[in-house]
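Order of writing sets the chain letters: A, B, C and D. Residues in each chain are counted from 1.
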């Protein structure tokens, strides 16, 4: 009859065997710590919150100390306290705070990591993506997808500050990061400002004379007023998600899928006093409070957040949100690596 | 050596053979008129234009002569003059003009043919689709896709008149029409008015807590002001199509594809004085001038159109548009069977 | 309160109104016979069976009377007795019997209707598709998809006879038939015989150095021995379909879908004495008994079939099969328009 | 005018600033080593070859020292010499050599990492996947996809040895590894041996009565004789790839895509004396010489291989193959993470 076998060996024999294996670049699987050990997904990352009150003065101080000639990008990294040696906020996602001062440009380059920008402060300015200037006003989401040329310019009299979100840790994990500098500090403005928004941002109406060929969204600017109005409208009419309240995804209008193949972006509204149920999923997320004040309980730990704070929820961490205001809605922006896990058939989610 | 063979037979032998074939329900292919004859697609349909000035008084007269109890739908059919015995405006598309008077309801039913409504006159009223009332104001596009329950109600003091577009001729050609009456005159209003528009019509923002499962668009109401604003915006920034000017498709936001699997809907703007180039495609189309005055040349014949007129362009007919006004844009709505031909790998298009 | 309206009108008023409508190319929907009438799909076609014993001598007689110079294709049409004026075996499918005599070629052409060939008699010969000769032995399925150049050559000393299956009626219904003659009687043999079979027919192993770009299968020859062996193997191991016994689809290996966008092909085995349950679907089908003897009950009518007979089952006809032999399996080939109805979201099926 | 700014700061100011940042879990991006540095993809892995002559005796020795009760899997890991602390042969792929002795079973479990088995030695035995025993003969490829229950049993009198391929390093990088033990040592044999091969392995013929719902291939056993015959057939008829000779992919027959979402498997034939051109791609690969003798030049380094040797080619390493025999073909099996990079729009390939 077939069954597992049991063999008693001396430690000396085993040790000698293991030494022999080493000489041939071989090693036993049965002593490997990273195989077969985990009965559930587990992220090295820990939940963490960064206060806007801490970030802002330091971003301004950075703008006094370092120029955009010295720093390709003047960004403060929001690194996960438990991940060492990698530019990572969760396992696969990076968040940073970038500041561009009046008259400055953050010079043109492109890279295989995809990026998003959620504007926090500013009175204008733009990100130039492949020649099209995309306006940057507070609450706006701007994309600079994989391998698109981009530079950032502040044409106003006030600092521009935004949240950077990148899949850089993922692309580094996959050893696929490539970076290229543009031949000049900035690209010419070859397209009219607002063109892609006008073409692709008008409800479900899309140009019939051309088909997007890139894998990312042809719409790369999602203005805040449109997002806020949508949330306010939906929240009055339907319950939304038990775990997230009213939560909308910034989709790629040519597919209905995520705006970029590696990151999905969301905006959600928690009604005054709303308290969501707990769940967990192996995708991680970075959140930014566009407006409002609340608490997100993550694996039993309360992350309290207010206007413009940033926090992260690692993969498989159980979490629930609540709005601490009894009168005002709270608006949370977030981005996740959910599309990566779905594409690879590795996504898991469970109610708690 | 292989080659075609040549055989001389007497007509008497052939005739006798053909008679024998008949007795066995067989027949020769080489004498068949519908095989191998066509060197290009050819539609039986002819171009035709219906004047609003003719339609409107007759629609009002219909409302005096026939009730919605007698007529399941009080619709004037715009049948192609060259297609006999079928309710068809082009080979696969049907267009009609429907009128619902104050206080009336057009009773609830469902059917496998898909339908669209482009509102021409009215001050309100709604189409109830599966319990959700969809507002109907001039220029609005409303869908009642395959097998959705729907009834139409006029809650205002003025007549409601709209253009009906259906794939009925196609579904009849495919012998797949099924019709079912609802158990009551109208469905209850189980959803809030505007719900699907609020959920699915806000730019590229889409609900993250549910995924549409139907093959048709979850958005079934596309308001005119949004369409007009999009066209006006785009027309100032980019050329659009050489054949159609600025033309936008009403897409399914969950796929980026056509709003229904069998019909695609478009809205286009011809700038003052604009004159497009000629092309042809084997999809047919029905047009409705939402606003403006122009000429569409179809296979050498000028179809002149003004406000609210309807006209059809058969498949493979060469056509070009021009706006007759030197100062005002013209807005054309149209629907086609292009998705059918694309799905079956039969679509063809060529510049002329 | 909203409700349907009831209006009493004199017949004279209505008649006058209808006459006026006519002058404007308008007509009432409420008197139209083809709108809203059908409570279930309904095909004009009737079930019918053609005996091989009748077909074969007439095919041979045709080869004495008509050359392939006179007849572009020497085909006997198997037209549905209830469909008049169209080359149609079911509403959308055409079946014919083609015969090519020793030394003959059926000359090269291409057309938008897609075709399949199920070989009935022959000792070799080939169909040349875009320069590649595809072998034709009894039971083999050979495809000549939409717009591929093809000619048929008999390089043997015996007649070649096969079943032709085309979507010609569908393509004609969609007014999209285009036909083009090749500049010579036959194409050069530019590819090795068996190339596509070797490249794409070996289980799930597919060439890694190229990706098929056409919408149809890159595999265009499915040999009978492979099909028979698969059926025999599967039938010993699993029950298969309650409605069809062990039924396999000839798929497109680059998609897993139907071999062509408009027609799906199947081969099924009914075990000795097997009797299937009844169902119906709005796709129609043409069957050919490759081997065996049975009865297919269609809407209460028994179609008895033996070796090489052909029969059709119209859309929505209730049908069940039984193998009349207590000792031998029966093998049925069939093709249907199911992919068309699925693509358009019109497919319906129900157990009876 | 907009331009990059240049600021001179003292090191003391910068140091103080960096210290302050640290107190808030912030850090400068402009000093980060892992951001923006790489002008091309770069793998930590190095090319390496493991000799079968080394592996085999050590595998047999392992079977004397460790039982399958002690070792969940008796596997020798082939770890990349340049990757420390991870069970990884390339960045995302793991290769091991597993041995199961007569009468033994490697007990049942499941895990989110997907696995493949390429059999090297054995006279039978099977892998039981979800109750179906899949035969294991030399050269056979057997899949145990993500979250399928599986155990391995040696029912013969000789050792079974095979190459294990897993995406374990990838799933670990994505922090998504989950492992679960079955409640017994082995699963019951609930399905007949050969069922899925019979159902899904017969050319393009696929069951019509069921649609696979999993994301992985419904075919999980690809026998060697079929693969060899396909290669031998194709190699006589067409050139294949300039970089790989005749190379076939083990596809998922229900999609035409890779057999599993995270790994693609290939079998290739190098003709006697064949020498391929160089290219590189950011996917990495593990190779196993099923039969033959050759050299693969990787980034200028010659990896010579013979029967049953294993070697790895890291991502972006330039490589070309040559068959050292002037008379015998060489057969190489390989697996890669190409589907991962394609799914995420990160795949890059270039000719050298």
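Operating definition for what follows: a contact is a pair of C-beta atoms (placed from the backbone, for glycine too) under 8 Å apart; a residue touches a chain by one contact, two chains touch by 3 or more.
Small disclaimer: the values here were computed from a predicted structure and weren't measured.
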| item | value |
| --- | --- |
| Per Cα centroids, the chain farthest from subunit C | A |
| Centre distance in Å when subunit B and subunit C are each reduced to the mean of their C-alpha atoms | 30 |
| Intercentroid distance (Cα basis), subunit D paired with subunit B, Å | 52 |
| Where subunit B touches two or more other chains at once, by residue number | none |
| Chain-chain contacts as defined at top | A-B, A-D, B-C, C-D |
| Subunit B-facing residues of subunit A, complex | 192, 194-195, 198-209, 217, 219, 222, 226-227, 229-230, 233-234, 237-238, 240-241, 244, 247-256, 259, 266-268 |
| Parts of subunit B lying in touch with subunit C, wherever the complex brings them together | 1-7, 9, 13-14, 17, 20-21, 24-30, 32, 34-44, 48, 50-51, 54-55, 58, 61-62, 64-79, 81, 86-87, 91-92, 96-97, 101, 103-107, 109, 111-112, 146, 153-155, 168, 170-180, 185-186, 215-216, 261-262, 282, 315-316, 340-341, 343-346, 348 |
